[in-house]
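Okay, structure first, notes after.
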Amino acid sequence: MKKLIKKRKFVRQRSKKSGLPPGTLVYVGEKKVEQVRISFIDYDEQNIQEKQVSKIEECFPLKATPTVSWINIDGLHEVEILEKLGKQFELHSLMLEDILNTDQRPKHEDFDKHIFIVLKMLSFDEQSQTVESEQISLVLGENFVISFQERIGDVFEHIRERIRNAKGRVRKMGSDYLMYALLDAIVDNYFGILEKLGDKIEAMEEELVGNPSEKTLKQIHYLKREMIYLRRSVWPLRELISGMERSESSLIKESTDAYLRDLYDHTIQVIDTVESFRDMVSGMLDTYLSSISNRMNSVMKVLTIIATIFIPLTFVAGIYGMNFENMPELKWRLGYPAVWLIMIIIAGVMVIYFKRKKWL
Amino acid sequence: MKKLIKKRKFVRQRSKKSGLPPGTLVYVGEKKVEQVRISFIDYDEQNIQEKQVSKIEECFPLKATPTVSWINIDGLHEVEILEKLGKQFELHSLMLEDILNTDQRPKHEDFDKHIFIVLKMLSFDEQSQTVESEQISLVLGENFVISFQERIGDVFEHIRERIRNAKGRVRKMGSDYLMYALLDAIVDNYFGILEKLGDKIEAMEEELVGNPSEKTLKQIHYLKREMIYLRRSVWPLRELISGMERSESSLIKESTDAYLRDLYDHTIQVIDTVESFRDMVSGMLDTYLSSISNRMNSVMKVLTIIATIFIPLTFVAGIYGMNFENMPELKWRLGYPAVWLIMIIIAGVMVIYFKRKKWL
Amino acid sequence: MKKLIKKRKFVRQRSKKSGLPPGTLVYVGEKKVEQVRISFIDYDEQNIQEKQVSKIEECFPLKATPTVSWINIDGLHEVEILEKLGKQFELHSLMLEDILNTDQRPKHEDFDKHIFIVLKMLSFDEQSQTVESEQISLVLGENFVISFQERIGDVFEHIRERIRNAKGRVRKMGSDYLMYALLDAIVDNYFGILEKLGDKIEAMEEELVGNPSEKTLKQIHYLKREMIYLRRSVWPLRELISGMERSESSLIKESTDAYLRDLYDHTIQVIDTVESFRDMVSGMLDTYLSSISNRMNSVMKVLTIIATIFIPLTFVAGIYGMNFENMPELKWRLGYPAVWLIMIIIAGVMVIYFKRKKWL
Amino acid sequence: MKKLIKKRKFVRQRSKKSGLPPGTLVYVGEKKVEQVRISFIDYDEQNIQEKQVSKIEECFPLKATPTVSWINIDGLHEVEILEKLGKQFELHSLMLEDILNTDQRPKHEDFDKHIFIVLKMLSFDEQSQTVESEQISLVLGENFVISFQERIGDVFEHIRERIRNAKGRVRKMGSDYLMYALLDAIVDNYFGILEKLGDKIEAMEEELVGNPSEKTLKQIHYLKREMIYLRRSVWPLRELISGMERSESSLIKESTDAYLRDLYDHTIQVIDTVESFRDMVSGMLDTYLSSISNRMNSVMKVLTIIATIFIPLTFVAGIYGMNFENMPELKWRLGYPAVWLIMIIIAGVMVIYFKRKKWL
Amino acid sequence: MKKLIKKRKFVRQRSKKSGLPPGTLVYVGEKKVEQVRISFIDYDEQNIQEKQVSKIEECFPLKATPTVSWINIDGLHEVEILEKLGKQFELHSLMLEDILNTDQRPKHEDFDKHIFIVLKMLSFDEQSQTVESEQISLVLGENFVISFQERIGDVFEHIRERIRNAKGRVRKMGSDYLMYALLDAIVDNYFGILEKLGDKIEAMEEELVGNPSEKTLKQIHYLKREMIYLRRSVWPLRELISGMERSESSLIKESTDAYLRDLYDHTIQVIDTVESFRDMVSGMLDTYLSSISNRMNSVMKVLTIIATIFIPLTFVAGIYGMNFENMPELKWRLGYPAVWLIMIIIAGVMVIYFKRKKWL
């Protein structure tokens, strides 16, 4: 539990930066890869070149070529790489700053020569059963897309495959379509996450109704936080994509519009599902409380039945345990069986009373 | 219960598709019919032709005719049928993809030559007492309407009857009116579902106030989910129909506008009713908790009354059960009746106290 | 209770109609009058004619006259009357359909030659202490107003009186003012209903704080439903009247605008009050739960005090009720009084402890 | 409590009026002053005249003068005064009606020659510790302001003083500034009310955490109602003042705009504070419930500790109180001390168990 | 606790002012510095002059110079300083009034020659673990920025450093950039506060699930208030900054727009985080209640187990403690062991029953 709560920090240590002039490049996240990995794919309809490079300078020639270039950078802790890249590709200093702030709110921004998008890529860690999040920044330029990731590993493998094998539309279209394809892969991936969370919620609901425990409470609590986090990652996407749709930048061609609209619909659906999940999770606590109350009720009933039957009987036994010299009943021949009879009657009346009240 | 929860999946297995290029046709639902069934009705004011065909190609000539053609396809798992149809009728690939994604959010989309609508058809399964849902996609073109359903059986039988018998307005008007008629049938059907849910809610409420049990809790829970689901199916309709009303597409004639407005009012009413039901269902849990508390309270009272009367009496009996040699009361002639008197007085005082507190 | 719940149906049996072509006239409510009653008042500044007619055809000449005519129809189950009327006054078929659907959402609609309004008239049944609702449809035409009611008896008697006696402005102004006057009478009547509900809420609140019982819970429940229903009847009025204000129809003269604005303010006030009542009623359940908790708490305290004092004392008595041969205390001369002393001390300590904890 | 609830009526007896033609003047409030008091102040930069008059006719000449005239009327039950005034100053009949309906929602209305404002003046009655409310209506005309109050006594004394002593801007500016000054005085006064309510809330919160009682519950309940009422009085102000700002009436000069904007900010602040208070008060009930639960918990613990220690001990004593002839322990020399030892051990184990569970 | 609640006053003593003409300068806060401290920095790209002055008049020449001047005033209780400053720099009287009202709602206002901004600077007092708030007012003029603070000490030290050392962009740009830099420093500082509150919330959550106590309840309560306050400080910032962005004042140059947009994003992020925290804190109370219920449940179980096992056993012992002359069992040789056997069987059955119910 502790680990989980630690992970889902809502504010990262921005304080590292506070006081620095705006536009100063400082990486505020934790270092998640040993070594920054830079790679690119450069393609047009006929040709394709794919390469992993050790120095960022090797990517600089790509700016001039008319082919579509996709530069991918895994790891953000080497600030000078960004600085060089920013200089070469004329990226705005505030954009670079946003790339390094890994707790950025998903957003879309139009700069003169670029469109800048930052959003969250989610993955489900099967081992710890938690949703992990990584910030992805995408810069769309005339003939290139640059993607920045916090760590190695992403949801883009299928796109790379399609580019390599010239499958689908991607090789025929421009950098804006590549951008769309990357966004689509990220949003599509959300559905997988939601499916897994949905399964968890269902499992929890059955447990809740069947056999709620204190662990359940913790898990509801954890799911609630997860939902708050998911919501924060997902809601701004709506604005982001509709912003891109309405964008007047010449970087997005008209032919891509239908795809963006489709992406928008998917986003709305993701949001809808997150909201439904939130509704369900928040209903769970009420159900949990009801279950606890129900159970307390049944505990109370057992106590009440036992106590209510035996306390009067014990009293009767107490009476004839008194040592008065003058207690005529004690000398009656049938005194003892009579007492038993009385006790059985009392107990019987009680049982009938409880049956009527439906406690038994 | 298990079955119900399973059925109401909020995300279907989109993951089947993740990684494929956008526009790839993959059916993500479960196969719900053995064999895809294709049929069409082709009519104008004078003539009518109705036919069930085995090959989709048989429908292709309908595109050219000036008569209104309604092609209906039950079952979506044979993707090649859609591909052929899409080619012939020039349907956009994203539209075809949406038809196959059976967890689509209800929406309306204007394409150049078509209006595309996807929404949910609900039915109430009397046996399992649950609301079942099926995705319906409608494509409106110049002289045709194509409808796609997940399985055989729908709410359109009355419309077919009217077309066959030339009853009502439908034979005199164009494909846009047919489209409206289909939508109207679906929305009208919602009222029937709501009536049945309303009856269930009322039955539940009476049970809740009269005799709540743990089963009631489960049912409230189930109704809550049902409401979340209904809401998701119904809310987007508002936007959908108002989108059609405001649409500038030439496919919708002005004469149909009044009908769409009427349909819009019905939709608002459906939404209103769903919201009222939601309010009621969410109030139920509170009532349930209050009922439980009330009951616990009455259990506690019984326990308290019995314990409070008999514990002191037992104590008194205990006193005179002690074996001290020197206990003068034990030797009094009237000791025993005196103790009885004391006990009756104690019990009487208690009873009066409880009467005052209105516990009896 | 049962009766109440039955009455406040949120969906009437629309299913009667499902499958019929749109515009088909079927009355979906219950028959509330034996015989449809048709009457009219025809007036201008100088003359007035008032008559109850047996055949709807008698009203047809009124269409041509330049005087203001108010035709009132009580009872909707004779569909042919509506059909004839609709033909003569050129009413749109969808409008007629709405008049017959007595669970219509309040709305305003502009047709070419008419303004159509449908809303709820409420009344408070003193005997059953419930709010009753009836649908009123109003059609405003060039020189006439037609009103449709489900049953005999309405809130318009004062208006009729004013027309007869030429009191107020009504005789001098056109049909649009008459329409406004009818709406005003209906909205004014809402205030009376709200006053009565307000009294009920206040009475309930005092009961709640003073002496809540299980009956109170049922009544809160009932009030909640009533509020949900009221809200549904009242909220759309806002849109309805502002729609009329903004209407570009030539049927509403400019001089009536100030009156409509005033009516709008009243409607807002009705809505505000309903919302305040809702807030209060929804707060009641919390208060109820608190009261129950409070009471349970005080029950528990009594139990705890009695048990905590007497259980240890009984234990002490039990000790000296043992039959060991070698129990020196039993033979002491002051053993018995000493035990009493010990017991009194124990009880005293307990009492002081409870006093400190403020349980006594 | 009763008194409070009676006072805060949400609907006054409008029913007195129901059925009368719109525009009929009937006072629906209670008579709050013996005698209507009419007074005026007439001033320009050089001169000032202040007078209390017995007949409304004495104010009529003020209409013609170019000086600014402020006519104030305390008491609304003499309808004929309003009628005369309305005739002379050409006030719209609906405006007069609104003045007399003392449960009017705060609003601003532009008439041809007047601006009409109605709002609530609040005061805090120190004795009963409640917020009292009075309706104020203000009519702004070319050279005059007429104010209508329900009773004598207001928050305008400072403004009168400033006019008399020619302090501040008021003597130099027109009737619109006077109007603003009156509104400002009323809104400023809200801050005083809020301060007092804030103090009450704080006092309550400390009581709540320290020592909640059933009285606290009643007070929370009362504060909640007070908040509902305050909100209703305050929220419409926002619209009211922004309506005045945007008004195109020539009655409000441009120089007054900055003041109105300032007033608007104050209003927003009042609303913000009311919302914060509402949040706090609604949180109180939860805290109250938690406190009750906490307390019940500690009561239960005491009961459980006592019962759990002594019930087994009493059982042991009961064993050796049995009268079997053949009970060897009874004859042992150390039987009695051994039993004591056993009992002490049992009690000790229990105490350790409770310590571990942190119940002690 | 008391101290905290006192500090977070939602309405300061405006009543000091009530009745004074609008625009009258009265300081409504508490005096927070002994002596008002006035200082300025005057700079352009080449030169810089920094000075602490004793008389406000020393700053007056700065108005005429073309260099950027930043005048900072710590302490607001000497009203005449403001009056002189206002005269010299032509500040609107309402602006001065707002500067002195230290419970102003954050806002942006365009005056002819100035842009006026008022907002809250927060700081976290490590000792008392509370968020402290101070009002900052900023006036932007042609070549100057004037900042007003309630007390000495602020978050601007880094900016001063940058100006002194000509680091960053600030020395090259105009007064509007300085204004932006100040705002940025304040908003950046919010992140630090949020980090600390986030840590507190996390610590609390672990405590809540692990070991909730009555202190926890108080702290939740306190955090809730803190959130209400934070929200009030932060929400209006959104409007404030977007207002500046959309401002048509010539004081804000186009080059500053990108920075303002960036600032806007930060503000949205602060708001998002505050909302997430609010969600978490409000969920805490539910969790707390669940924990309490859980605990009560386990207390009840212990009581029930002990009572249910021993009460019947004690009854059995009571039976054979009766003194009837004719009780054959007492004389049986194996009577005593037989009773023990019976008791062990009863206890065993009970234990098995509890095991089945999972109470053990």
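So that you can tell them apart, the chains are marked A, B, C, D and E in the order they are listed, and the count of residues begins at 1 in each.
One rule holds for everything that comes next: a contact is a pair of C-beta atoms (placed from the backbone, for glycine too) under 8 Å apart; a residue touches a chain by one contact, two chains touch by 3 or more.
Small disclaimer: the values here were computed from a predicted structure and weren't measured.
With steps allowed only between chains in touch, the distance from chain B over to chain D comes to 2. For the touching copies chain D and chain E, the fraction of interface residue numbers used by both falls below half; the interface is of the different-residue type. Distance between chain centres (mean CA atoms), chain C to chain D: 26 Å.
Chain A and chain D have CA centres that are 42 Å apart. Among the residues of chain D, those touching two or more other chains are numbered 289, 293, 296, 300, 303, 307, 311, 314, 318, 321-323, 327.
If you walk the ring beginning with chain A and heading to chain E next, you pass the chains as A, E, D, C, B. Across the complex, chain E is touched by residues 1-2, 5-6, 9-11, 13-15, 17-24, 92, 94, 97-98, 103-105, 107, 109, 214, 217-218, 221, 224-225, 228-229, 232, 285, 288-289, 292-293, 295-296, 299-300, 302-303, 306-307, 310-311, 313-314, 317-318, 320-323, 327, 329-336, 339 of chain A. Note for the complex: chain C touches chain D at residues 155, 157-158, 162, 167-170, 181, 184-185, 188-189, 191-192, 194-195, 198, 202, 205-206, 209, 258-259, 261-262, 265, 268-269, 272-273, 276-277, 279-280, 283, 286-287, 289-291, 293-294, 296-297, 300-301, 303-304, 307-308, 311-312, 314-315, 318-319, 321-327, 358-359.
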